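Multiple structures follow.
In the two assemblies presented below, chain A is common to both, partnered first by chain B and then by chain C.
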Partner chain A sequence: MFKSVSGFCLLRPISTPDMERHRNSVTSKSKSYRMSYRSSLGAAASRLGLTPALTGRRLDTRRRAPKSHNITEKVNPEQLALLTKTEWQLSYVTPLYRFRHTQLKSYSGQLSAFIAAGKQQGLAVEVFDPQTAFRVSFSVVQGMTESDDDADTVLIQIHSKPLFARQDEPQKTVWSGLLTCVNANPEYLRSLPEYFICLPLFGSSGAEGLTALVKSWFQQSFDCCFGPLEISHTSLQWLMALWTNCHTESSIQHLKMIWTLPAVPPLQVTYTVNPEDAWELWSSVRKTRDKRGGEEEENCIDIEEVTSFMQGLKSHFYRHFKLDLSAGSLNQVSTALGSAKSSGRMKISNSRYMITTLALLTECALFKMPI
Partner chain B sequence: MSLLKPFSKLPGLNSANILLVESEEQFQQSLADALVEETTFTVNVRLAKSLPLPVENEESRPRIDLVVFIINLTSELSLQSAEASLKCLDPGYFLGKVCFMVTNARSAAAPVERLDVARKLAASLHCPLLFAEDQTPDGVTNATERLLTILKVAAGLVPMATALYLSNLTRSTVPPDIEQPSFN
Partner chain C sequence: MDDSTKLFLQRFMRRIPSYMLRTTLEKWGRLTAAQQKSIDFTQSKWALTEALLTICEENKLAMKHLIELEMIYIMDNPNQGMWYVLQLLDPEDDAHSVELMQFKEQFKSHLKELVRHVSIKIKNHTDQAVWIRIAWGDAFSRPNHLKPTFGVHYLQTPYVFVTNLTSKQKPLLSQAVVLSTRYQAIKDANLSGRKLTAIRDLLMRKYQQVFPTKYPSPLAENNQTISNPHIVKEQAEPAANRLHMACKAFGGGALPQLQSAVYKLKTKFRDDPNKTMTEREEPFRCVVKFESTNLLESLRHCASSGIASTPVTPLLSCIPLKGRNYFVITDNDSGPSSQTHQPQN
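The block that comes next holds the complex of A and B.
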């Protein structure tokens, strides 16, 4: 599959101008869609026929320090409450074909019908109680986008309604979903052909059966693919560093890490650090790199600073317990601002840093996407 | 510090000695069992957790023809231990008698950056980088076959081919866009 991608990229320089005119309307769209991250960013070497390395994509090595965005004014408080109180299971989504933010009402109807049909067929039996009906609502979350190119975030909720309920009984939300794109690479967004919307990050919270049904409806209606998004060790380190960096503005209250060491039986280590100590360690790491001056530099965080922060924590642990944490794997990082697990579960507890955390997760999703 | 030297002892007749260095000590066991099955020549497998090797065995140890560093990408310690062990090898080994074997490269728990570090390490030392799958018997068999090919040349059992000559063909290279960040 990937060999054909490079084949497509090679066609561009070879075709003559007359052929271009005939082919333009039909093939240029598919060509630009196939233009992967590698070639769209001027990695010219991959166009010349060298095997485009699948591992040629890297996450950013420098990031801007998170600014606190006060989004409480811009976003509907109910939606914000839902966003900060739920723990999302993350997946990546390939771009959606002909998904329109104006048609959300009809999508809600279609998805309800799809779920009812699934219930009839006997899929996901454990979720469906014969007494309840499901009502779906799609809503747009305004005010979450960082740049103009990003598509608006879409929130999906499935409410259950017992068939014989009274009118005033409140409806319970049994499942919620989130489709978002924050601060994605603008070149990639512009390279997508018409009618494709990029909302690469999908979060779900609720029963597995309903998640599977919603995903299959999306796959049928918008020709997209879903895949699990694990949060890698590097991304967990970044989250840890970025959250600790925010300690001066809003206290992180504690920095907790959960490691698993491959002993027999496997040993689980919960390592909790006092916030002041974590802040001192982080600022001392930043200070040693602060020799270059300037406003711009002060706001950027390098990957070396993040790794030395982590190294400091690990060597402290080794000094006291004689256990080298490098031998194990980091499973979970949590502070008062949120928690992230390597299996892909994420919770953002503080609305002020939601945008920057979602931006990092969007980047992870785009990185993991096959195209 | 005692360096492991490649040419300080005499070679054996129709035999090859391979040293497997792995800090987890798991894959080397199954690999060793598969390697000794070879019948056309005698394969002696030595196992180690890290270098330097103990001084007590210095006399009885035969000449090591190929040193294989097995790195598990899901553990950072594995990579660090391999890097530290490299310092205890005589430079003569890096003319085709060292090989890197990497496991779990496709695992979700192995970050891409660690594979980059392993690639750059192998490329800077002009050594081959092999990817192996250690959980299934098929994977072990495949890894064994590839190691035996390199071992035969390194032990001098293949006429007209030397380890240095083979290393020109098998050495690992780093893709040109490895440093380029994909976003912004």
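The block that comes next holds the complex of A and C.
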């Protein structure tokens, strides 16, 4: 069962640098991208062969402006609270082989046993004690999908008692994990062979030892592999623009960017913009676009608009400090709606824009995937 | 010894690193040589605290003695917490003749007039600094020695450095300082940092100063054997020029360690090539904070390495020149076309 798909892992070292190179070479040509995306998907059937067929994929250069989704009615409030209050460390996961949403109960038992065994082997630091055993629960988050092809989001929680807890003290959630897929490319999803479930975005929050154990259980059980999902400069800019675009519906409070410039010693620049002024700059950028091309739909945002928004902010900064922010790297962006760090930490504070943000991250995860 | 005194000693012991304890106790001088010898400094903090508590009981030491101990430690290790600078304005004719004893008496009596329950301790440090420790109480409570304010004033200078001062206490301290130093007013100097010594050096110009004549020629000699002399020569000139400009703005030597600088910008938005928001008249509001382990060093490196364009903008070079690290920037009133900015007070 495992051998038949081991090609996933084998492909990884070959295709990743290739993809990066390809992405860089086509960044300026937005039209050619759609062609290659399609054509590569056409070749998806042969993906299990050794040709890295999907190397043409790159991030969308246009996306729909975020609609506010009132998911509070669809999603269990307890689960929603966990999703919004947690800062997730993101990873990508390759499609899961023979993962079934109906088997979650048995997965809970298996993973609990796996963690217990792992702890006993001394993989993690804590000493194993049946009193503080870990109880795992898998649950489906209903209502978190955008299209019918998306697999349902799965939430994993690990409960345990603190080391020095009293007997009657209830167990606490010590680790949470999230596997999700929002608005993934339907052609890609349909091109997957039978028995594969695609939940490409994995978020974890809690002790790293537990994260490692959960990952290795998934790897063994569903023949998948995990990799770190950094949030690229472009994605951070997208998030800034998407959030700012929401300002009239729900206030962003502030638009904050943190840059690091490679001076000696390193110089950190925190650039915080007043929410109304950020919004006005954004609408001014949008208006200029409208004049240029009239036939485009209202609700689409182009990458050009995102970059000229950023360019505006950068040149205002340069005019004052004669410092070019492009020399440094953007590490973090945040508003009241959420925060994202280039290291792959993400917090979505407002449930209304969760779907949009997760859709962007799903796309990043699919893009980062080595197959 | 009452409970609050015990608690004070316990808290103090938690703060002081073990290796500093011996010298601090020696400077304090409240222990006999035998007692000092009896303490085993390799013990745990908990055991050391117990030993010290016993000795203090024996010697009948009270809160006022322990305050001295804390002051000795803080004076030797002032680079903790955030220090802010207050600047005195408009000296009276006799301001320059205020001496230590007079300041001490005046300050105590003025502050005690303003606050009913307050404990003030003033000590003279070796480098001419007057150290003030204030434990605040209010109408109903005794002074809280666990959260004291520290102030440092150099006599005959217009600067007072403070740490751990709340906004409620600030007017009280300010008034007492103004009256006892024979000045007429006091204002925020818009300078803050974690290192007292660094912000003091910056204000009192105790670091290597910028003398424009020191950098007369931008080209440095280069005797190294080089692979392509044309390319190197081509690049050496602008590089030397950048270094020259960087040193002109920030000086060539070691710089006082500042951790941050904050600019509140309220200027018109201009993004010339793109013509965005050109019709908008209101200022674009944003806050920019620069942070580094040594901010001035980083900024100088930015200029010399080319990350920052030269000449260095006055906005950055005025941090050492004016001795400030908080600025509010607005457009000059001279006209909308003006590109220059003026740091406002």
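Side notes on the structure shown:
Criterion: the second predicted complex is superposed on the first by the 299 of 371 C-alpha atoms of A that agree within 3 Å, B and C clash if a C-alpha of one lies under 4 Å from a C-alpha of the other, contacts with A are read in each partner's own complex, and residues count from 1 in each chain.
Keep in mind that, in the parts below, a contact is a pair of C-beta atoms (placed from the backbone, for glycine too) under 8 Å apart; a residue touches a chain by one contact, two chains touch by 3 or more.
Predicted model only: the values in this text are computed from it and were never measured.
By the document's definition of touching, both partners, chain B and chain C, reach A:D324. Of the two partner chains, neither chain B nor chain C is touched by A:T173.
When the two structures are aligned on the shared chain, A:L366 is found in touch with chain B, with no touch to chain C. By the touch criterion stated above, A:S221 is placed in contact with neither chain B nor chain C. When the shared chain is aligned, chain B and chain C each come close enough to touch A:P262. In the overlay built on the shared chain, the residue A:N76 is in contact with neither chain B nor chain C.
Once the two complexes are laid over each other on the shared chain, residue contacts for A:H316 go to chain C alone; chain B is not touched. Judged by the touch definition given at the top, the superposed model places A:T270 against chain C, while chain B stays out of reach. Touching of chain A by both chain B and chain C, each in its own complex, is seen for residues 262, 324, 327-328.
The touching residues of chain A, when paired with chain B in their complex, are 37-38, 41, 43, 45-46, 50-51, 53, 55-61, 185, 230, 232-234, 262, 324, 326-329, 342, 363, 366-367. Note for the complex: chain A touches chain C at residues 261-274, 277, 280-281, 284-285, 288, 308, 311-312, 315-317, 319-324, 327-328. Residues of chain B that touch chain A in their complex: 24, 74-77, 80, 108-109, 111-113, 115-116, 175-184. Across the complex, chain A is touched by residues 263, 265, 267, 269-277, 280, 284-295, 297-299, 301-302, 305, 307-310, 312-313, 315-316, 329, 339, 341 of chain C.
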